[in-house]
Structure formats: structure tokens, C-alpha cells
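We just call them A, B, C, D and E in the order they show up, numbering each chain from 1.
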Amino acid sequence: MATINFDSELRRAGANATGGWGRFAFLAQRHVLGTVGLVIMLLFVLTAIFANVISRYDPLSVDSAHRLAAPSALHWFGTDSFGRDVWSRIIHGARISLAVGIGSTTLGATLGVIVGLASGYLSGWVDLVFQRVTDILQSLPLLVLALVMTAALGPSLPNVILAIAIPLIPTVARVIRANTLALREQPFVEAAKSIGMSEMRIALRHVLPNTIAPLIVLATAQLGSTILTEASLSFLGLGIPEPYPSWGRMLSESAAEYVRTAPWLVIFPGIAISLAVFGTNLFGDALRDILDPRQRG
Amino acid sequence: AEPKSGGIFRIYHRDSPGSASIHEGATYSLNVPFMPIFNNLVIFDQHIAQNSASTIRPELAESWAWSGDNKTLTFKLRKDVKWHDGKPFTAADVKCTFDMLMGKSQQKFRQNPRKSWYEQVEEVTTNGDYEASFKLKRPQPALLSLLASGYSPVYPCHVSPAEMRTKPVGTGPFKFVEFKANESIKLTKNPDYFKKGLPYLDGIEFTIIPNRSTAILGFVSGKFDMTFPTEVSIPLLKDVKSQAPNAVCVVEPNNVSTNIIINSTAPPFDNLDIRRALALALDRKAFIQIMFEGQGDIGGTMEPAPDGLWAMPKDMLEQIPGYGPDIEKNREEARKLMQKAGYGPDKHLQIKVSTRNIAVYRDPAIILIDQIKSIYIDAELDVVDTAQWFPKIARKDYSLGLNLTGNAVDEPDQSFYENYACGSERNYTNYCNKEIEKLFDQQSEETNTDKRKKLVWEIDKKLQEDVARPIIFHARTGTCWQPYVKNVTIMSNSSYNGYRYEDVWLDK
Amino acid sequence: MTEQRPLLEVTDLVKHYAVRGGVLRRQVGTVHAVDGVSFALGAGETLGLVGESGCGKSTVARTVLRLVEPTSGAIKLDGEDIAPLSKTALRPYRRSMQIVFQDPFASLNPRMTAGDIVGEPLIVHGLATGAKKQERVAELFQQVGLRPDQMKNFPHQFSGGQRQRICIARALSLGPRLIVCDEPVSALDVSIQAQVINLLIDLQRQQNFSYLFIAHDLAVVAHISHRVAVMYLGRIVEIADKHELFANPRHPYTQALLASVPIADPKAKRTAPLIDGDVPSPINPPSGCAFHTRCRYAMDRCKTERPVLQAAGPAHQVACWLNEGTGQAAS
Amino acid sequence: MFAYIVRRLFLMLVTLFGISIIIFVLLRVVPGNIVDILFDAAGFVDPADKANLERELGLSQPIVIQYLHWIGGLLHGDLGYSYVSEKPALEEILPRIPITARLAGLALLFSASIGIPLGVISAVHQGSRLDYALRVVSLSGLSLPSFWLGLLILMASVSLFGTMPIFNPNPKTWLEALTIYAVPAMAVGFRSAALTMRITRSSMLEILRQDYIRTARAKGASEASVNYHHALKNAVLPVITVIGIEAAFLIGGLIVTETVFNIPGIARFLVEALRWRDYPIVQNLVMFIAVVVVVVNFIVDMLYAAIDPRIRFGD
Amino acid sequence: MSEAKTLDTILDVKNLQTVFFTNSGLFRAVDDVSFSVRRGETLAIVGESGCGKSVSALSIMRLVPDPPGRIVGGSVTLEGTDLLKLDDAAMRDIRGNRISMIFQEPMTSLNPVMRIGDQIIEAVRLHQKVSSKEAWKQAVDMLRLVRIPEPERRAQEYPHQLSGGMRQRAMIAMALACRPALLIADEPTTALDVTIQAQILALIVDLQKRLGTGLILITHDLGVVAQTAQRVIVMYAGKKVEEATVEALFETPLHPYTRGLMASMPAVIALGAKTDARLTEIPGMVPSLTRLPPGCAFAPRCKLAVDRCRQEYPPLDEIKSNHWAACWRAGEIAEAS
């Protein structure tokens, strides 16, 4: 039998991680990838909050004399074809991308959870109605919605967020419903009924927390993918309107024309998008693991 | 080398045209794939880049002649021409076509965007099967140029307009095979083409690829023999050349001006001072630098020289406010005008710049917004959906709009009447100046080219000074083809006329 | 026994489950899980419910609490029939009746700590919050023999017996008047079992609780119950005062049951089980008396006619033809 | 259950009816119709011509009549005529369905056959280097915007092989046929594989700690059998849900891929038709997508019941 | 336990130590426990709930969840091979074949999406070459053997369709299906009524006799222990505190904890036993396994505890022949009784 170092095993189990910070530090080193994700996310959030402070130029200011400048001390990430500073645009773009990501995910996931939970837990006619609603929402392709909304209401940040959020609803709702269907039959739900809990409270306190794992995975995946969706919408000309710098449009518009001649126009927004998506997903997985009571520690 | 017969000419197409009927369309997305199906009475020489009255060649007509009063234009027609369905071509077809264009016939087009071209035509008459005459209300020498445009094919009488939209029948070098929306357009050689030995190609195939990156990659990888004509932007051109060094690429102006439409019926631009200030604030070089890496042209309504035939001389141009070389001085003046109108550093004017959600519209709008910041105008971009653009403009529901005006023929009659005549449908700004109107007619009737030029310059200058529709710049675009493609010429003062492709051949 | 109006009165309780089969899952039969059960339970009284596995004890327990909907029958709590009540109308009644589930692990939410689970009823009924709740939970933990420091552990970190005690603590937290205990001590070792039973009895003394106590361990049933009902295949076959039942079992099944109890004395080793034969299916219950397939005394009549519960002495009812009207013991 | 299926079918009709109304109304809410678009190219709107054309296309009729006309036709299998191409809508839609179906099918296959095993491996080796590596790799797929990934593939293919997998309606060789579908399908599948993997992983982690997994081990079942036979079957419900959603999404949502790889599938056609306000095409296409969605959802529900005997519908 | 080392010994557990590394510290769930089982013998393990009985059983199967659990010492020798040294593949060959286990919680220990029959035959099919038809027949037979009515139908059903007792019997059928050399039964009959319990125990005993199966029976029911087991070990807080033959143990329990247990039993349905007679209980509570007192873990609850008990852990001594106890005062107790 291999010798076992009790101390290191205990440390791995987090035995001496006490107090808020101790526990945090312990979790951080147990979930290296998750920590990386968290750091990335925090970085982007801070960037978004302090965009005005960090950015060095007006992201909208056109300068024909310094167009397509390569990265330099003056323009860290170079300038685009309008001579706008890419660094400043990416910094301000963080606001938009995060607004889209967080806005539409929150909206879509919240509504999705409500619909999914109600439909799975209450079943009966509620399920019937909500199922039809999700079917209908699912049947309208994202781009039909996006096109209709931009055409009817004009392209704007709230409209884009709404257009992206709507297709999330059936996705989340279906996953939550599937989970709820199984959970509904669990004896602990019956136990909760037996102590006279209202259906609402059972759904929220007993059923919902047990769907948290897929919900977190899904929500963080969606957080990332909404950023990508905005990029795709931009690619199709339906994203956040000019001149606001959205990463998606920065990438999609430069991708074709400048990938060889001015690669920084493609690389930096590309990295920003990928990092943000990557970060949220890594963090999501770690969060899921941490919230799982059956994990060690 | 001697031309070789055979081969399919493969071109990508930038988008899916709405129909196959050139007369019912107003975009060269239609002309490029469908011009090879048709013939005109006359056509601009397909191998001379600069279209002009002197490059007009007979096609279905063997010859043409003006009457003494310059009010009748008579064409003698070829007798050996057959429609693709085998029916013979006669003068009746000519009459049918133009009657329909003038809205005089029983059958109607779904839409008829160039009806105004034939405003001065009283009637079209035939004399036997092989002669047709255009009777004019007043002399209009430019008519011939209009008839030589790619926009003026002759349609068969016996085919309904609806059929022409889906299965066009022509007399041209190529026959229509199929048009799959969003997928491809296929043409095949017309073996009975009246020009013996032509065409050289066995067929032409357009693959519709709306995504430019994919399309360019397709060209670079050799899947296509030619890019869609005049669709390669200057930055992309560099890219193509770096990846396909053998490709032949040309950059030509295409007689499309980027301009600002101003709503002068409502505040704030009902104030001439503010309009003038706006004109003075423009840094046209910056636009050209950003949009075309310097390869664009500054001018008035008419396409600038040397490719344009009617452009004002440089010194005349620079006298127009805002065209002067010293931008700062201009803007200083503009600020003064703004202050006069009650705006200043502490009181900025808030407006919206409306434009369409297409890069060639949006990009200049962004630059415009940035430039007018210098004269106390804070503008916001208002991107308008295609379906709403013209209704919105027609409702006068905008203050500034960024617009593109393409000219099918480098011909003052076409530009002036279409865009600046009182009551013209495309006079979006409702600019109406009876005096200038008279000058329009005067130059139109003028048969002496030099005299006519002077008149045209004068009109153009006046239009700019009135800030009727400030012209920002004239675009240039690129076209590339593989080295083995021969006999392709890209026109340098229009992008609607050069796609007959009857003598294009592949040196493979 | 008390002579007041019973706290719980169950009349003709029936619960059928549909059995489905085939690809289309058509109903192919019915499980007669509970098939006409009636009993009454007074305040401060304990009714033991024993019977073979699968005879419907848990189903009775859960239907009484309306956790599964009864197919028919009346359930009167304090004279009020709760069977037809809507879910919302039922909620106030929940406080006065609680259940300890047979399967402790499954009835604990895996994502809640033990402390939260036990404290939750207090919150739901607004009885205590914050520190007061923690205090009360700690007290409950101690009562059932758990350490308060275990409050922050999750269910999977407990042993089987510990989980069962969490369930008991949860049921006690509301101070209900009726507790349905579905094998509450089956996983406990005897010392803790003793603690828990003592606790239950003490609570009953102090607060006049009533228990419907389901267990397999007859010694425990004997100890805690006032009266005992014996179930077989969805029906009560014998119900009597505890002393009466253990001293004078009338139904052959009860007799077999009593004789099968393992005796904690190695010297009294018994080898052969007293009854044998297959337990019949609740889907196709045998005709007549359900027990006749395994009964030593089965007569022809038992195969065709079903005996009903009849008085067989004071506070003693039995459903067996052998006892018809006589009040005589079998054998 | 039979009754349940019948009821489900009826409900599908209700859903479809709902969708038909919604799409119909939505299209009319959007400003502008085909006539505006046609005139847009001309650069001006001629009110008389416009009115004529609207009358010709039946757009001047009351909206309810238009709806009844459409639905009435639909019930007879008459989908009307495309405004733009003036061909029967059915003729336009039908040939595009197999293209998208092939693409979506391959993408799903790719995503499931990569995502599920990787998810299982990642869950089984939770916290190990292997887990980290797999997650980083799969997430990198999720992190790239699909148009960008597609373009990268095309560019790489052009610079490496001098050619690119671009759609061709009549592929000459079997290999060409495979590449023109497989490459775009992979570009899409990569993304959804990452999601499938994450969901599988999460769900597996939940199941692997269950007592019955221990029971399976106690019987001497091999790790493979434990993971794939015992655990996966319990863990697969959310995975199926997600795959079902992807399947429904892919039918109408492949727009970016179809654009980048220039595939004449449904999604691009739909966008194009929307751009033209070609109502007959848009309405019928959306109905088709809706049919796919409700059928997929139905199948998913049936799969739930087939896989997990505790789930019963219609009882 | 020298005499136990005969050829007959199926299982020999020596100084087994299993710990849990948790965030609240080291948890010595099984601490230095040794015992052996001979062919055909029944060894009962009794003890306070949570004292490590199930974990001991899982350790033998090497199924302690890792993380957080880990076997950190000792040996488990089955028919001459040390299981703790085997590689995973070899261990799999043994599980379900030479050893099988009946788990404590039948509800959660059955796979909810597999038919009962399939679950029963899985072990058989894993270790023996039988056709699926043959195996299915065997499954049905096993169900019949454990007295499940209509075994043909039940084999087709899923766990949630069975009552608790049926599930437990299905577990038993599963464990017995491949006729193991060693059967570990963790509270196998808690959910069964006594008539069935008697039948099942008789069945196990019968199998044991015929096949020479060794049985480790973990139970709380001292009646069952008395009726079924030959030897008993008593555990308390992760340690073995007493071992003896059933007769000896029931006659003269030597450890105060065992004595407490015996006393806590409700009286066998004795006529006239009074309901109001409180059951005897052992005062106090099992200490937390992370914070064990330095001496005897039972000392804080023990009426007989002396100072030494609180300071030194008592060794497991053979107080009488074949009767071991870990108590400083076991000698005195033996003499007194």
C-alpha cells in the first residue's frame, strides 16, 4: 500500500481552509481552470466598468491620417481603417458585449427557469400551455426574430438583447423542465409537501436548487454564446448598430478585408471574444463543481 | 493570340437578383448576369473603357440617323436576327419594348424605374419589319447614349413581362438556362447568334455568394475565373494580389457618387447658413483616404475627369465653397456660419444622420459624423432598414441622409433630370430651382458638345453652391480575373454597360 | 384509551395504482395497494401497523397525509374530512400531521444541510427564524441523538441511522398532533432506537401526540403501541388492543408473524420459518380470503368468500372465518 | 399512452396554428412589404404602381382574408407562389430541405459523437489533467464565433490545399460530396459538441455518485460498463434535451454557416426571403421549421419515457 | 485469533484503517479493525449507527468513495489473496463473483432505469458464460427464491414499481445470483416483515450450508444476530470493541457498550410488559470521529469509566477464551458475571 501523506490529503480536502478567504483560496487552487475563468470574467467586468478610465482615445474618433496603424506605443492594439484606436474600442466594446451577454442571459435564463419550473413541476394545463409557448418560441429562428425586431424597432442594444434572449427561453425551459420532471417524483419533494410547504416554495427551494448544475452549465454556456450570437448577428448586419464598438462587428467587418493586411484588427477582437466566452465557460464548470455538495471538500 | 472557343466562364455573383428582367430592375446585379442574353439597338463599344457618344456601335440596328430637326431618330434593323425561341426579331419588338417602357402598351411592367429616360419620346414608329423610329418632343441628342446603355435591351413582343422576369428570352450571345435564387444563374452559348463565330464561350455560370470573404477566397482558390465586376474593395484588392499574384486586377471609377441628402424643408437645415456650413465642413480627402486608400475622386455631380466626360475643370471646382484645399479655413468659416445660426461650443446642434445598413453607406456616414463634430454638430447614426429607406426619405422624416447615386450613363441628361429636376421621383431633397431647370433643357438640346460642356459645368457648380445635394466623392472599385480570361473590359464611367461578353474567351 | 372523538378516523380507504405494460403502456391491471382500510386513532394514542412487506402500509401512511391521492374513502382529522380538500386548503392541516419516511436518504434534499432540512418547517410555518431557529434545530438534533455540530453536514455525509434521525427531527420540529412513522427506527441500532422510542413516548406523554407507527420489529411495536393493526394484502386482517393482540392473536397470519419474531437468545435457535409459500400479488389478489394460499387452516369457504372484520372480543376485531361470531381463538 | 400520442398530435396542431398566426402577424408588423423592396432598387416609389402591385399580389386585401387564404391553401397543400421568383413556393422550398437536413444531421452526429464521450471521460476523470485538457480543447471550439471559425477553415484550406470545400449541387466524387457537407457540419458541430460535452459532464458527475453506481461496481462491472451502461443512461436526459434543442435550432439556425460556406440551405433562403418580404416563402418556411421543432420535441419526450421508466406521460 | 487461520478462512481482515479526508478534518471511520470469516460461517457486526460498519464492508469491496475516503492501512485477504494489493481488473473479477454485497439502502442502490431482471443477471453474465435467455431464467428463479410474488412480471419491472421490501429482496437476489464465497449483507432485512425475514434468513443460511458461503451480517436486530450468527463483533466509533461467539456474547457481554446495547432492547413481547416502562438507553452521544477523546471513545458515556479509560485506549484483549474485549475493566466485568 502506497504511503499516504495525511497532511497533503487533508489539505486537498480543504480541511484547514477556514474562514471566508481561506475557503476561497482553497477553492481557487482546487479549481485552477475555474479560477482562470473567474479572473478573466472579473477582468472584463472591471474593464467594462472603468472603460472611460482605461481607454486612451475616444473610441469613435476618426483619424484618416493614422488609419491602419500597426500596434505601437501610441496605439497599443493599432488603429482600424477609420483610424480609430482599437484598444479603446475593445475596452468600450467590453461594455456592449457584457451588456449583451449578461443582459440576454439573465433575461432568457430567468424566464426560461420560470417557464421550465412551472411547466415541469405543476404539470397539467400549465405544462400544456407553457410547452406550446416554448414550442412556438423555439420555432421562430433567432434570425427571423432579430430581423423582425431590427426592422420594426430599429437596431439598438435593448432590441438585440431581447432578440437574443428570446431563443434562450425555450432552451433553458426545456432543460429545467426535464430535470424537474424527474425531481418532482423524488421522495424529498413529497417530504416537503408533507410539512405543508406551498408549491411555489417547493419549486424554488427544493426543485430548483437540484437543477442548479445543468442550469449553471447552460447559463454560462449561453452567456458565452450570446456574445458569439451578437457577433454572428453583426456578421449578418443585425447586431449593435455602428458606431458603437461591439467586438462581434469589429471582428466580422475586419475579418474579410484585413486579415492579412492589418491582422491586429482581427486578432484583438477575436481574442477578446474568445477569452470572454472561454472564461465564462470555465468559471461555469467550476461553479457547478463547487456547488455540488457531493464533491469532496 | 487567336481567340479560342469553348469553356465555361465562372463568375461569382454578389447577391441574388430579384428577377431576371433588366427593365424592371435598377441594379447592376441584374445587368451583369442578364446582359449577355440580350442585344440593344446600339451599344457602347465593349472594349473601350470610357463610354461616350463616339463609342456607340450598332447592334440590332445596322445603322441609325437623326432627322434634320434632330427630333427623329431612325434605326435600320438587321434581318438575320432570331429570338432564342426561334421567332424572328422585327421592328415590332422594338416598338413593343419602348412602348412598354413609356407605359403606353397594354402589358405593363411590374415596375418601370427608367420611364423618365423616355420623357422626350413622343412615340416609336415602325416602317416595315426592319425600321424603327423614335419621334421626340424636342431635340435630345443624349437619347442615343441612353439607348446604348446595358439598361436598354430590346425585349421580344411575344413574351410577357412576367415570363421575362423568370425565363428571359433575348437575341443575345447567350441563352438563359436557369436561375436558382441564392444559388446560381446559368447561361449557355447561343449557337444561332447573329454575329457569326461568336460567342467564344460555351456558357457563363454565376455562383451566388453574398459573403464577400468566401467569394474572394473562391476566386483566389481558382474556383472562379473572375470576381463579380467592380465588387472588390481597395483593401481586398491588396489581399487578392498577395494571394493570387497572377490575377489581373483593375481599379476603375464607376460613376457612383456618395452624397448627402439634406432635408431643407424642416429645421435645422431649412437654414441655408447651416447647409453651407455643412458643405464647408467636409474634408473630402479624408473620406477618400479612409474609404479607398486615396484612390477616389473629388468632383461635382458629374463624374470627375479624366474618366468622366463632363467634369468641371479643377480650378472651377476649387472655387466652390468647401472644395478649397485649406480645410481649416473652410471649417473656420463654417463655424462662423453656425454661430450666426445660434450654435457654438456651448450649444451643439443635435441631429441624426440617416443611412442604410450597408457598409458603403454606413462607413462614410461615420466619417461624416466625425467631421461635423468640428462645427458644433453632434450627430447620431440612424440606420434604416431597406424597406423603409425610400418611404422615410419620401416622408421627409430625416434631417441628413447619406446616399449613393449611381449613373447608368455618363450623361448630364440622366443625372440632372433624375436627381435635380423639380418633381422628379429621385429628387429626394425636392430641390427645385426653375432657373436651373431651364439650363437643364438648354444643355439637353445643345448639339455642340463644347457648348454643352460649358453649360453642364455651370449647372454643376450652381448645384454645389446651392448645397442641393453635396457630393462627397466618387468611388472607385476593383475587378480581378484570372490571367487566362481575355477580352474583358471594365467600363470607367459606368458600371451598367459592359457585360455583353460575346467575345470573351478563355486562354486555357 | 381515551374516549373522546378520535383524532384521526379513516374509513374505507382505497388506493389503486394502475399497472401499465406494452409499448403503448396501456393499463394492464390494477394494484390494489390499499383495499378498504378503516381505523381510528385517538389523541395521545399510538396505533401500530404491521404486516408483510408490500401489503400497503406505506401507502396507507401516505394517503392518510394526502401525499398520494386516495382512490376513495374518507380521512377525518378532528372530525373534518380532508380527503376532498384542495391542496391549498389542505396546507394548514399539514402542521398537525407529519410523517417520517421509510426511505430516509431519498426523502432528504441532497443540496440542503441537515440543519436547514430540520429547520425548514419552522420557517414555512413562521414559527422561528434566525438564531431562534438554529437554537430550536440544535435542540431537536440533541433530542434525536445527533450532535448539533452535524447541522452543517449534507445528507450523504451521514450514516443510514443518522439520516433516519434527521427525518424524525424534521417531523418533530412542528410539534404536530399526529405523526405517521413509517419504519422510523428500522435502521437504528438498539441503543439509539431506545433513545428514539423513549423520546417518542415522552413527547406523547407531554404533548398528547398520536402516532401511526409502522414497523416490522414487533418488539418495538409492542412497546410503543396502544393498539395494533395487522395488514395483509391491502386490508386490515386484525386489529386489537396491544395486550389482547399479543396475548391472543386470532388471525393465522398474526400468529405466524408473532411466531417468526427472532429471539435475541442464541440458545432458542429456530430454523424453519413458520409459514411458507409465495406472497400473493396485489394485482390479482386471491379470491376470498387473501391469506388462504398460505394458511394452514384454510377451508373451502376461505377460497371463495372474503371474511370481514368482526368483533372477536373486547377491543378486538379480526377478519377470519375461523373466528366467525365465536370470539374463539383459532387452533 | 396511445391516447397520449393522439393528444400530443392534436397539441402539435394547436402549436402550429399558434405559430402560423404569430409569424403571419409578425411579418405584417414589420414595416415594408415586397413592393417597397422592389421599388427600393429603383430608387423611388411610384404610388400608383405600388398600389397596382399590391393588388396583384393580394396584399391589399384585409389581413384576415389574407391569413385565411394562406391557411386554406396550406391545408390543400398549396403553398402559394414566391413573390420574388414567382415560382410555386413548394418548388422553392423543397430542394433546400435535404441540404439543410444533411448538414444539421451531420453536425448533430459530430457533436453527439464527440461531446458525449468527452463529457463522460471528463466527468470520470474529474479534476485530472485529462479533464482539464479536454475541457480547454472543447471550449476553444465554443469560444470562436462560427463565422470566424468557418472563415478560418476556408482560409486554411485555401492556403494549404489551394482549394476550398464550397458547395456544389452536383458533387462529382463521393469524397467531394462528403467534404462539402462534412466540413461545415464540423464547424457547427464543434461548437455544439462543446455544449453537449459540458452538459454530459455535469450530468454524469451527478450520477456517478449515486448508490446504484456503487452497486454496479460491486457486481464487478468494468469501468466502461459502469460509465456508459449504468451512469450514462441515467445521465443522458439533459443531454438528449440539449441535443433536441440543437436539432431544432440547426434547422433554422445554420444561417452563418450557410453563408460562410455558401450552402443554399433553408436558413439562408429564409433570411433572403425575409429581406425581400417574400411572405409566402417566409411563412411556409417558418411553418416547416415549426413542424420540425414540434416533432423533435415530441421525439425527445418519447425518448425521455423510453429511457427513464419513472417518467410517464399522459397518466 | 490464531486458531482462525485455518484453510477454512475465507476472509481475513487485518488492521483495516479507512479514513475520510473531509473539510472538517480527518475522519477515522474504520480504525484498526481485524476479523475473519470462515467457510459457512456467519459473522455478525453490530454497533452504534455511524460507527463504521458499512464503511468496513465497503472497504472489503474496495468501494469506499475516493475521494474523500481512502483505505490507509491493513490488509484484506480473501482466499489467500490480499485484495488491497490487486489491480482494478483483478478486483473486478472478484467483486460480484467471489464476494457480493447487499447494500443498506435498497431504494437508491438499484439503477432506476434498468429492469430488475437485468440488474440481477448482470453479475452472473459478467462472470459466467451463460446465454441471455438462460440468465433471465435464473433471474426469475432468484426472485422466486426471495419470495417475490409473480417473479416473471417483477423481473420486467423497474425499481420504482416495487415496494421497499421487494427492492430489498431484489438486492438480495442480485447478491446471491452468482453464489459468492463471501456475502456481505448490510442490514438485509430491515424492510421486511418478520415472516419474510425468517424465510430470507433461512434461505441465506441454507445457501451458506450448501455452498459454504461465508457471511458477514451487519444488523441492528440482535434477535437476528442471535438466530443467525456464529460469531459477533461489536464496533464503537470506528474500532472493534468486542468479539465473541454469539452464545458467549449474549450470555456475558464484556464491554460496557455491548452491555448497554443488550439492555436497550425492547423486551420480547412479554405478557404484561408495561408500556410505560422506559427502555434503558445509553446516555450521551457517539463522539465525533474527528475529535475522538484520547482514551477509550466510550468512556464519556460509560458508567464504569475510570481515569485510565479517559487517558489510554484499552487494547483488545482475550478476556475469556475466544472472547475479546477492549476495555480496561473487562476483566472485572467477566468476573462479576
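Everything that follows uses one rule, which is that a contact is a pair of C-beta atoms (placed from the backbone, for glycine too) under 8 Å apart; a residue touches a chain by one contact, two chains touch by 3 or more.
Molecules present, by chain and UniProt name: A = ABC transporter permease; C = Oligopeptide transport system ATP-binding protein; D = Peptide/nickel transport system permease protein; E = Peptide/nickel transport system ATP-binding protein.
The structure displayed is predicted, hence computed values, not measured ones.
If chain A were absent, into what connected groups would the remaining chains fall?
Ignoring chain A, the remaining chains still form one piece.
Across the interfaces B-D and A-E, which one involves more C-beta pairs in contact?
Pair with more contacting C-beta pairs, B-D versus A-E: B-D.
With chain centres taken as the means of their Cα atoms, state the distance from chain A to chain D in Å.
Taking the average C-alpha coordinate of chain A and of chain D, the gap between them is 21 Å.
Centroid from C-alpha atoms only, then distance chain B to chain E, rounded to Å. What do you get?
Chain centroid spacing, chain B to chain E, equals 93 Å.
If you average the Cα atoms of chain C and of chain D to get two centres, how far apart are those centres in Å?
Chain centres of chain C and chain D, defined by C-alpha means, are spaced 53 Å apart.
Can you compute the centre-to-centre distance for chain C and chain E, using the mean CA position of each chain? Integer Å is fine.
The mean C-alpha positions of chain C and chain E differ by 27 Å.
Where in chain A do residues touch two or more other chains at once?
Chain A, residues with two or more chain partners: 151, 185, 255-256, 259, 294.
Give me the residues of chain B that touch two or more other chains.
211, 213, 243, 385, 387-388
Two or more other chains touching the same residue: where does that happen in chain D?
Residues 30-32, 151, 155, 209, 259, 275, 308, 310 of chain D each touch two or more of the other chains.
Under the touch definition given earlier, write down the residues of chain E that touch chain A in their complex.
Residue list for chain E touching chain A: 19, 21-26, 67-68, 70-73, 84-85, 160.
Please name which positions on chain A make contact with chain D in the complex.
30, 32-33, 128, 131-132, 135-136, 138-144, 147-148, 151-152, 167, 170-171, 174-175, 178-179, 181-182, 185, 213-214, 216-218, 221, 224-225, 228, 231-232, 235-236, 248, 251-252, 255-256, 259, 270, 273-275, 277-278, 281-282, 284-285, 288-289, 292, 294-295
Quick one: in the complex, what on chain E touches chain D?
Touching chain D: residues 58, 61, 63, 65, 88, 92-97, 100-101, 103, 105, 108-114, 119, 122-123, 126-127, 158, 160-161, 171, 174 of chain E.
Can you name the residues of chain B that touch chain A in the complex?
211-213, 216, 233, 235-236, 238-239, 242-243, 283, 285-287, 289-290, 357-359, 362-363, 365-367, 369-371, 381-385, 387-388
In their complex, what parts of chain C are in touch with chain A?
So the residues of chain C in touch with chain A come to 62, 65, 67, 87-88, 91-95, 98-99, 101, 103, 106-112, 120-121, 124-125, 154, 156, 167, 170, 174.
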